[in-house]
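Take a look at the structures listed below.
In what follows, chain A forms one complex with chain B and a second complex with chain C.
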Partner chain A sequence: MLKYILKRVLWVIPTLIGVLIILFSLTYMLPGDPASAMLGPRATPELVEELNSRLHLDENMPVRLGYYLLGIAKGDLGTSVWSGYKVSSLISSALPHTALLAVCSLGISAVIGVFLGAFGAIRQNSPISRIVTIVSLLGVAVPDFVAALLLMLLFCVKFPILPAIGAGTEGGIGDIALHLILPATALGIGWVGYLSRLTRESMVDVLEADYIRTAKAFAIPQRSIAYVYALKNAIIPTITVIGLGVGKLLGGAVFVEIIFSRPGLGKLIVDAVYARDFPVVQGGILVATVLFVLANLLADISYGFVNPQIQYD
Partner chain B sequence: MKKEDPLLEVSKLTLDYHLGARQMRALDRISFQLEKGEIMGVAGESGCGKSTLGLAIIKLLPKIANIRRGEILFKGRDLLKISENEMNQKIRGQKISMIFQNPQNALNPVFTIEKQMTDILRVQEKYKNREPRSSRYFREQAIERLKSTGIADPQARLSNYPFEFSGGMKQRVMIGMALSSGTSLLLADEATTALDVTIEAQINRLIADLAAEYGTSVLYISHNLGVLAELADRIMIMYAGRIFEMGATADLFDSPYHPYSAALLESLPSQQTRGKRLLSIPGFVPPLDQLPKGCSFHPRCPFAEDICKKEVPPLEQVTSGHFSACFLDRKRGRQKWQWI
Partner chain C sequence: MNTTPSKIISNQMSLTPRWTETVSMAFRSIVKVKGGLLGAVFISIMLLCALCAQWISPHDPDAQNILQRFAGPGFAHLFGTDYLGRDIFSRIIYGCRIAVLVAFGSVTLSSVVGVFLGVIAGYNEGKKFDYFIIWLFDIVRSFPQIILALAIVAVLGPSLVNVVVALAFTAFPFYGRIARAQTLSVKEADYVKAAEAMGQKPLTIISKHITPNIMAPVIVCLGMDMATMVIWESGLSFLGLGVRPPTASWGIMLRNGYKYIQVSPWMILWPALAIAFAMIAFSLFSEGLRVALDPKERNR
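Take a look at the complex of A and B:
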């Protein structure tokens, strides 16, 4: 098990190098160069040249990549060409907001989605189950940025009961939680729909299985059969999807963070793209990639807890 | 001394399946008795209602099933009138147990054997309103049960998952769950069909031995007459939801009354049939919603006469303890039905 985790973590390195090569190629293709973006239109060619050589922008790509990797090895992600702050400090102040948003929305929507799905499968023909199906379809159909705008319109403009922008860092935990409600809901609503549909389908199959009939024949109470015996089997595909979904979630977080002006990783990266602040873009995406790979690893490990037939080696 | 009441007395049990607008009679006036400690074999082709009968007794029928009439008296009480709650609290898993056809899928793949066995023991204890016991007690009980089924090293095996057991071992685990000294009736639905022949014989021996030890009656459902010949005290032959013939095993094997039973026996390989072609009954079991008028077997029966096409032959006693549902055996007397 430990060996497996170590192996998977080491696999992050080639993944990251791949990501970096793509990133560096993209910065070549983007119009405009960072030096003129930083120094403005009236900068002298000497200044531009000096900056380019300081940032190794005059070198070819493999060399730049080499410098960059060397920096990472020293724990240095470079400096923002725009603000002059260390990229690592920018990321470390943005990351908690995104992490909190992602964990809350995914965690809560996983719990709600799995429960709704299980409930829908157990009471297949009840009116509540039909309502759940419709609501989850709606949740899947509405993109998260649309949900974000609608929620903002409803709870910040029409009924101004929740804060519209920021992360509430100045206030206490209560304020942070308050600022989290709308973004987390916007980001999670699609997941509730998706996960509940997935769980429902797999649960319907599992409830027909022979081992459920066995449990019934031995008078195991209905509730344990549904929520323990069946659900642990039904949840296996859901976990796969949650693991793979973290990447999609980080993508969705970008929109939601921009709409709600949350100072998170997504907003940091997008703002940096607009400003051609390449070190920040690279550092941000690098960290996002690491998160994505680690989330997948976490999902893979969690299989082992629900499905004993999975062996790690 | 007064003869003991039968443990199980099914009378005129009639049951339909509803599939959309289609209505199918899966069991038609099934009546039989099962004595204490007796092993009754239930035989017939696929779709004849054998499994439905087992599920009806333990009341685990699918929702589309609808019991029209009849009684299932178990120790004098009609199970059909017992609430679902009471079934769980007093009957299922305690007095009446069931083991199923496919041991590969009969155990939950994501829980250990220990969890699955102790859960059953724990709910039974709870239903009996006894003082709560320690996990260790239930573990000991589970080990005892496994030991009784001949599983080697039960302590270690408890922490295994079903996929770590072979098919025969899984069926042993199932038997361990199902059979204890308190079990009055075991319903075994094709319990060994999925196993290979040597394992099948071992498991059947185990069922018979434990049943004898605990005084448990067994309703042994199987399509394999050869297995039933070794195991069962009496045999019931079913066809399209009806009992065609029922009698002591040796009696029925020696000289069946019903042409269908005769045909089933003819299609068994034996010393006498060595080197000869085995019988294959022409045609197939009709779909339950398209049963022919009269005796449901008459289209496949070369001996059928006019009356067979018009009237349903009732199940009647032909000799003491031997029942048959055929007009012809009554008319022509007991005879050897020459299928080949």
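Take a look at the complex of A and C:
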């Protein structure tokens, strides 16, 4: 087990180096001249040349890659071509908004999804079970950005009861929460459907297991059989899915943040793409990727703890 | 199942079924699955719309009519009109084209590349090439998929082909990993050992004996991925990083609907419904495909 964890953690290093190489080559392939874009049309050739050599843009590719990796190792993500701010400070001001959105939508939808799924499995053919089917169909049929648009249409235009844009940072906790409702619902609706169906399926399997029959024979109350004995095992597939889900969530956050104008990481990346501000795009994607890699790592490792039956070699 | 003895014998006689038989057999078992038939019908409708868009759609999808902007659904325009007075129904029909093209195109491209690399890596298990391919897969899988696609399109420039390429690039490691894992188990099978003992070349073994026998899980993944690709194409187009306007794509229609959200709900509702239709179609079909190809579930 320890050996597996060590191997898994160490494997992250070459993977992240590869990620950096891909990010670097994407910018390398980019047409255009960053230095003249930064300095504007009235820059003298000497100025452009000086900036080029300061940014090491006049070197050949391997050298530039070396400088890039060195900068990352020092924690320097570069400077925004557009605004002149440090990329790291732009990201650190955007990240809390995305983190809040992701944690809220994933947390709430995990609780609702697991509860709905478990209940739907215990009482099959009950209204709750039908709700699970409907919600999971809805989650499949309406992708997050479409859900965001529909929610906005319903609750901001038809019945203007919820705020449509911004993160509500000026108005205190209540306002922040109010601004979170629609984006978090849009991001979470698919997850409620997916997790509830997943939990229901594995719960149905678990409820047929021998140890549940034994528990029944020992006259353990129905409720504690279901929610303690069965759910503990039925929840295992859900946990791995949540790890992968962080990636989907970060991707979905891009759309939801654009639609609701939340100043998060996704909006930062897309706005930088529009402005062709590639240091910011690079830095933003790097941070999103690192978060995703870490989430997967945690999910993989926790999987071994939750399910001791798994044997690692 | 009512299999007569003669049928069993004839099945055994033809050891290698023609591909038409395989396809029709697969289709029959998909249709038997609950919902599979509905999925197949929905996909057929989408294909029909995509192929015959110019005959089905009542109006030119790009014809503007400024006097008739933001019309609600009615007789003249079934689904209403958009901010330039274009017929939404016709644009939805033409949008099927983009959705189907992207779904099939990117899934085909990514699965071919992924399976090719995965099988070769699996066959050379433990060698340097294998490690390199695993590394490559893990790097690409590290990115949140849509964010990587977004970055690639941003570099290549928005166009239909670039969207297909970008989406295929984000998805190929998933096929590769499935193909590699399957190859690891299939290459230990007796028929592969026999082929090796007969002195067949590795390339022949890979193409004739391994690849055909690992395709079932790949095909299941293919079905599920098509839905995802449709979402992502419309997502990228929604951000203005996908298909170029004025091409009728559902994502572009949503983008315009978002701009005029205060004016007309129809510009959002219809493309949203179209996407929902496509999602249900592909998920039902892929669920049918999964059950049909899974020997454990088939006899349930």
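Note that the second predicted complex is superposed on the first by the 278 of 313 C-alpha atoms of A that agree within 3 Å, B and C clash if a C-alpha of one lies under 4 Å from a C-alpha of the other, contacts with A are read in each partner's own complex, and residues count from 1 in each chain.
What we mean here is this: a contact is a pair of C-beta atoms (placed from the backbone, for glycine too) under 8 Å apart; a residue touches a chain by one contact, two chains touch by 3 or more.
Small disclaimer: the values here were computed from a predicted structure and weren't measured.
S.K.: Let me test your reading of the model: by the given contact rule, A:G251 touches which partner, first (chain B), second (chain C), both or neither?
M.R.: After superposition on chain A, A:G251 lies in contact with chain C alone.
S.K.: After lining up the shared chain so the two structures overlap, which partner does A:G84 touch, if you call chain B first and chain C second: first, second, both or neither?
M.R.: neither
S.K.: Now for A:V140: first (chain B), second (chain C), both, or neither, which partner does it touch?
M.R.: Second partner only, chain C.
S.K.: Is A:G174 in contact with chain B, with chain C, with both, or with neither (first, second, both, neither)?
M.R.: neither
S.K.: Looking at the overlay, what does A:K232 touch: chain B (first), chain C (second), both, or neither?
M.R.: Touch partner of A:K232: chain B, not chain C.
S.K.: May I ask you to decide whether A:V157 touches chain B, chain C, both, or neither, giving the answer as first, second, both or neither?
M.R.: second
S.K.: Is the number of chain A residues in contact higher for chain B or for chain C?
M.R.: C
S.K.: Kindly classify A:P127 by the partners it touches after superposition: chain B alone (first), chain C alone (second), both, or neither?
M.R.: neither
S.K.: If we overlay the two complexes on their shared chain A, which of chain B and chain C does A:G75 touch? Say first, second, both or neither.
M.R.: neither
S.K.: Residue by residue on chain A, keep only those touching chain B in one complex and chain C in the other, then list them.
M.R.: Correct list for chain A: none, the interfaces share no residue.
S.K.: Note which residues of chain A are touching chain B in the complex, please.
M.R.: Per the stated touch rule, the residues are 209-211, 213-221, 224, 229, 232-233, 306-309.
S.K.: Residues of chain A touching chain C in their complex?
M.R.: 11, 14-16, 18-19, 21-23, 26-27, 29-30, 137, 140-143, 145-146, 149-150, 152-153, 157-158, 247-248, 250-252, 254-255, 258-259, 266, 269-270, 273-274, 281, 285, 288-289, 292-293
S.K.: Using the touch definition up top, name the residues of chain B that touch chain A in the complex.
M.R.: 58, 60, 87-89, 91-94, 97-98, 100, 102, 105-112, 119-120, 123-124, 127, 161, 163, 174, 177-178
S.K.: State the interface residues of chain C toward chain A in the complex, per the touch definition above.
M.R.: Touch list, chain C to chain A: 135-136, 138-140, 142-148, 150-152, 154-155, 227, 231, 234-235, 238-241, 254, 257-258, 261-262, 265, 268-269, 272, 275-276, 279-280, 283.
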